[in-house]
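Next, two complexes with chain A in common: one pairs it with chain B, the other with chain C.
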Partner chain A sequence: MTAVTDTGHTPLAPAARTTRAWRVIGRYGSLGMLGILVAIVAALAPTTFATSDNVINILNQSALSAVIAMGLTFALVTGEFDLSIGNIAGLSGVLACKLIVDAGASIPAAFAVAVGVGAAIGLLNGFIVTVLNVNALVATLGVGTMAVGVNYAVADGRPVGLKDPDDFLAISLGRFLGIPYPVWIMIVLAAVLWLLLNRTVLGQSMQAVGGNPVAARLSGIRVERVRVVGFMICGTLAGLTGVLLATRTAGASVSAGDSYLLSAFAAAFFGSAVLRDGQFHIVGTLVGVITVAVGFNAIALIGMETYWQYLFQGLLLIIGVGVGTVARRKTAGA
Partner chain B sequence: MTIESARGTPVELVDHTSLLEMRGISKRFGGLQALDDVSITLRGGEVLALCGANGAGKSTLVRILAGVEQADGGEIALDGRVVPIESPQRAADLGLNFVHQELNLVPKFTGLQNMALGITAGRSGFVATKALRGRAGEVRELLGYDIPLDVPVEKLSVSDRWMVSLARSLMRPARFIAMDEPTASFTQDEADLLYGVIRELTTNGVGVLYISHRLEEVLLVSDEVTTMRDGRVVGSHRSDRLDVVSLTRHIVGHEVEEPTRHVGAKDAARGPVRLAVRGLGRKDKVSGATFDLHVGEVLGIAGLAGAGRTELARLLIGADRPSSGTMTLDGARYAPRSPHDAIRAGVALVPEERRSQGLLLGESIDTNLAVAALGRARTMFTGFSPRSSRRTGRRLAERFAVKTDDTSRPVLSLSGGNQQKVVLAKYVRTGPSVLVLDEPTVGVDVGARAEIYETIAGLAREGTSILLISSDFDELAVCDRVLVMRHGALVADVLGAQATKALLTRLCFRSGEVVPEDSTTR
Partner chain C sequence: MRRHVKIGSAIAAAVMTTTTAACGGAVSAKAGGDSYTVGIVRFASSDPASESILDAYVDYAEKKGWSVSSVDSQGAPDKAISGIGNYVQKKVDLIVIAIFPSDTLAAGVRQAKGAGIPVVSVGGGTTEGVQVSLDFGRSNAKETGKLLTDDLGNEGDVLLLGYKSGLPCVGREQEVEDRLKATSIHVTRKEVPIPGQVEAGSEFTRAWLTTHPAGKGKLAIWGCFGDPARGAISALQAAGRKDVLVYGHDGTPAAIEAVRRGDLRATSYFDPTAEGARLGALTPEFVTEGTNAKPRDLAPTMYLVTPENVTEFLKVFPKALG
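Our next item is the complex of A and B:
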């Protein structure tokens, strides 16, 4: 990074040219992978892939992963981890269904309570990490496990289904301007969260805390508070994901959110290699989620076995992050 | 058997052949001649103390001996044989051991486990626990100190940890040990134990190189004292021929006037008090600090490493909580609970460690310039405009002469001096009324240094009160007044015009007992 200070009009030495090439690869490599992937699949399945229905379908499949992964991005930006998001999603989904079935709560009330529980668990995570000074991995693993326990207590471990599911299902199935509600939710949230991270003092403070907590504190930033807010945003969006997931089937089960934990981490880390040098950010996370969804979609369209999905997702993560890391080292070392 | 105490009656000296000799060592760093034809001699079974002010070249000399740095000229002889020491490994193989202030122990390991580190495993590949314990027992006997072997070192006191570190270096046969400021964080009792251990070592023929700022201690433990000044040896003397006053004179270079005459002759035309500090203390690090900082004043704090200056600065900005004392800022009570409180009240600290405490190394110049302004925001739930922030940042970069054509570049693309300007600028951006600078020109080239002094002077003219902590006593010439800190206490108050390097150095070393009439003691 330090070596290249040319402004473009001086003739480049071969080493500097290599450095610049590596920087381009580091920044745009992941995005390029998405492009190549789209091109290959479009060629292999010309009639089914590049249709507006399929694009909407891909986005719809991305929506929930995107919501939970964007939440996780906030925890990661502040330099923390949250392993409880999958469990939060499971708990909030079950809670929402249970409230409607057993307590006769209205859908908005059930939504509010379930999302609020997500926020409260995030607050608890933040409290344990900042006040008790417990490592985030341990703290969120513990809190997540406790959430599973609560979940079993609430639902007796049995799946909960709504008896009169139409209004509930409409949240997932309904469309506005031909685009499903979950996609709208993803788009609106992405915009709001992008603004929060890039256009507020809070978001900038989060990035400073993630960059160097000691310097941030000596600069007057309230590091603990910033971290707690990061965990709360993370928990809130995990809660929202859980409820939205329940609206897909009008039912919920204890383990429904589990698969989202790893996919959210994969998307956020893949996204950290998009456009920036290893920093977590909203657009990157979205690109990560969508890249995975395109891959899954292609695997289905081409007719490959389901296990390819896992191989693809793991490989994508390693290549995305690996190329970014190598590129950073090349540009820094040259 | 040779030395009970250097203060005691002259004991019969056995014919000591020189154990270690460094002859004509020179070392240059860029434009700075760090060592110039330095020679020292250490006999087996003796303690040679190395004394000198900050920057006299003691550390560089030790680093060369340890193989960390290579000398430009000169030679090192062990038992009269010239030996090249090209790496720390080589130094260890020669039986040269170094106990630094940074102990490099594994906190979770027991004393024995730590001592076993670096000892090659038995032939089987397993750690030969019994043999190790046996060896550790011998070392314990050699030191005459009951080192706790089976307690994790994180549970040990500072001095016990130091002893473990010393014992580790003795697990292999040692001829020579260098101790760098061993007693810096020891209590008196612990220090006494160390003196006993040193006596045991020398009785066994080990040569000890002892570096300390505490002159009474130096005279107590050493047989000979070599003083250094500005990279040269200025003299070597038998310890029993020295006292604290004469030793101070050797360190400083010439007879200096009594400091008491300067104190009290304060500048009459001084502005109103901005920050009043009364009896501020924290545990054993800072005790009863009392001073006034006036509007537009540049107040220096001189002291040796470990005198408690950084700890005092951290109390001023609420990074640590004081255990005693009060502060008022512009007449109102000032008790910051965090750097956020301080920066909102208008008190900012430019920290000592630029890279670890000052900068977000992965970010752009723009982002770094904005960070303290974020910290000053009353609520975090307000908008942030990158464009106007960048504009403000660019103006600041110009005002502080940060040499870059584009502030969106990574901050790491700047030189050290320009990085320091960025740290300074980000705090000035918050409009502080009190700016504390902790060693602001360490690792800064001469040109940038002058620009930083210019900035400090300019801020003071505009009414900002400056507190300048520095170990570079020439630098303190920019101050209106200089306080001297020693062992956690402010011990002298000197007018800037009279704060010569010689006087400050002397005040930093001098202890209260030596000059009973020292009315500068607060």
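Our next item is the complex of A and C:
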């Protein structure tokens, strides 16, 4: 009896260890990359990188990208895409500034309208995808292009600057406990969105819809409604990002939000390899955004050539997600 | 699962330890004597005018032994502001930004001013905290605008390819619009997106040509920078049209070659090497004057390059062809 047990376990032990090792790499590899990056840059630029001021600086730079990427995470969690987020951000920023400059609106009112427009565009995206059954890639591309058209109609393509931007700028430049407001906004939103996604029926439904929409429908979840809510959250946060960006630039322009599209997707996909097996989630997205910001910061502080910026962004995404994928494949049969 | 949490915690702790270990240990990296630390925030690698000036500036600085860092904001103001913030952390002696209207980088510029770091703009204009700007906007279009109206006389049709988000283009457009207002020339304006400027120039031209057939008066296309004009030329070649004059700016190697072939009526050129070196030579002055210097615009020397003078031009600027 004893002999049988021994021969049964001895050959399996190394395989089990390997599987466990791959599982750890799959879940913590991306986080490890961030740790290694921080350690390397701290060693190369010890007097400028690893300072409390620079940590706050990196978080401040991450804030807006994090807000829009966390919104995108909701669309991705439900199994959809949203290519209109950059255009929504551009439009909401221009709308907020135009309302203040031309209509004399107060900052809160302008904010509310601009963010509301973001939510409405999200609703439109959701409607087109769920009711008209248009593929999300096509629908959001079309809606985003329409948003650009509206933007040109509103601003005539010209940047909209505020005459007396101090109150507006204070939203970006102001601090509470030494930490800029945008960082607080990012932290609070991350906490709220994490709770929404992981601790509410709606959040669980979203994850169920993204995981297996047929099973979700059979279990009584209103799949279309959940998807629409995902698009609305995505649009709302893209709108919020646009107005926050306007408070940073003391104005807005048609194309100001364009760059958020790729960076948000990159952060969300990188984040899907953080702590979980290829699932989109808030903490992962946050780690993805901060990792990119650390890299951008490092390139400036170390004084690397500009091409490293592109190499870094591309490599980060491929290695981060690639390692996770390989790890999942290695552990799949275990 | 508990083991995973422990490993995760260990990694996080290592990261935090590495980060906090050196906290508070920041020492000014400000160089003394004749050596400077300069941070450059580029607009986009697709903007040849500012890129060539900044490359020349970097060459000058490296020859002087200065430390220069560059980041590409990829046309995103948020990234540009982040870049300025990073250079403030680095405590550079001077920050050079490109193209973005200086007003739109307010959060970053104020941060730099607060840290006592002067900011110089290449093409973005002056504002509080940006005391010096190399202006290649309006001045760049004086000669091309004059040639355009001289060529067309008082009548004809012009397709104007503009870009309102970039200050140099806004200035150039104002210059040519002011000239055209005094004539009976009809203007069709189209906003060119970046990226996609070459293709947009080509598409707008193709559409415009259908409503402007050959033999229906004098026709011209004016691009506020080189790429849309390049797109227009490709559309004209595809349509087999030789009756439309095309004007461009920035004098890129492709534009100079197009002038030499006779495809481009004119481009305005400034010597990026000279302008970059000029900014380099003025750097000690910028640093000494600091953030409270008197605002001033530096105007580059412009050359109008046409098929009539391109041979002579290339004798003076052989590197203009790349």
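Following the convention adopted for this analysis, the second predicted complex is superposed on the first by the 318 of 334 C-alpha atoms of A that agree within 3 Å, B and C clash if a C-alpha of one lies under 4 Å from a C-alpha of the other, contacts with A are read in each partner's own complex, and residues count from 1 in each chain.
FYI, contacts are C-beta pairs under 8 Å (C-beta built on N, C-alpha and C of every residue); 3 or more make two chains touch, one makes a residue touch a chain.
All figures in this text were calculated on a predicted structure; none of them were measured in a lab.
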{"item": "Chain A as common anchor, with chain B and chain C clashing or fitting", "value": "fit"}
{"item": "Partner chain in contact with A:Gly104 - chain B first, chain C second, else both or neither", "value": "neither"}
{"item": "Which superposed partner A:Arg217 touches (first chain B, second chain C, both, neither)", "value": "first"}
{"item": "Vertex chain A; arms to chain B and chain C (CA centroids, nearest 10 degrees)", "value": "130"}
{"item": "Chain B versus chain C as contact partner of A:Gly178, first or second or both or neither", "value": "neither"}
{"item": "Which of chain B and chain C A:Pro165 touches, first, second, both or neither", "value": "second"}
{"item": "Which superposed partner A:Arg225 touches (first chain B, second chain C, both, neither)", "value": "first"}
{"item": "Partner chain(s) touched by A:Gln279 [first = chain B, second = chain C, both, neither]", "value": "first"}
{"item": "Partner chain(s) touched by A:Tyr28 [first = chain B, second = chain C, both, neither]", "value": "second"}
{"item": "First, second, both or neither for A:Leu202, with chain B first and chain C second", "value": "first"}
{"item": "Which superposed partner A:Asp53 touches (first chain B, second chain C, both, neither)", "value": "second"}
{"item": "Chain A residues touched by each partner, larger count belonging to chain B or chain C", "value": "C"}
{"item": "Nearest-approach distance, in Å, of chain C Cα atoms to those of chain B in the combined model", "value": "9"}
{"item": "On chain A, the residue positions that both chain B and chain C contact, one per complex", "value": "none"}
{"item": "List of chain A residues in touch with chain C within their complex", "value": "23-24, 27-28, 31-32, 34-35, 38-39, 42, 45-55, 57, 60-61, 64-65, 152, 156-159, 161, 165, 169, 172-173, 245, 247-251, 253-256, 258-260, 275, 293, 296-297, 299-306, 309-310"}
{"item": "Chain B partner contacts - residues on chain A that touch it in the complex", "value": "1-2, 5, 7, 198-205, 207-208, 211-212, 214-222, 225-226, 229, 277-279"}
{"item": "Complex contact set, residues of chain C against chain A", "value": "4, 7-8, 11-12, 14-15, 18-27, 29, 39, 42, 45, 67-72, 74-79, 81-83, 85-91, 101, 103-107, 110-111, 164-165, 170, 191, 193-194"}
{"item": "Complex contact set, residues of chain B against chain A", "value": "317, 319, 338-340, 342-344, 348-349, 351, 356-363, 367, 370-372, 374-377, 379-386, 405, 409-410, 412-413, 426-427, 430"}
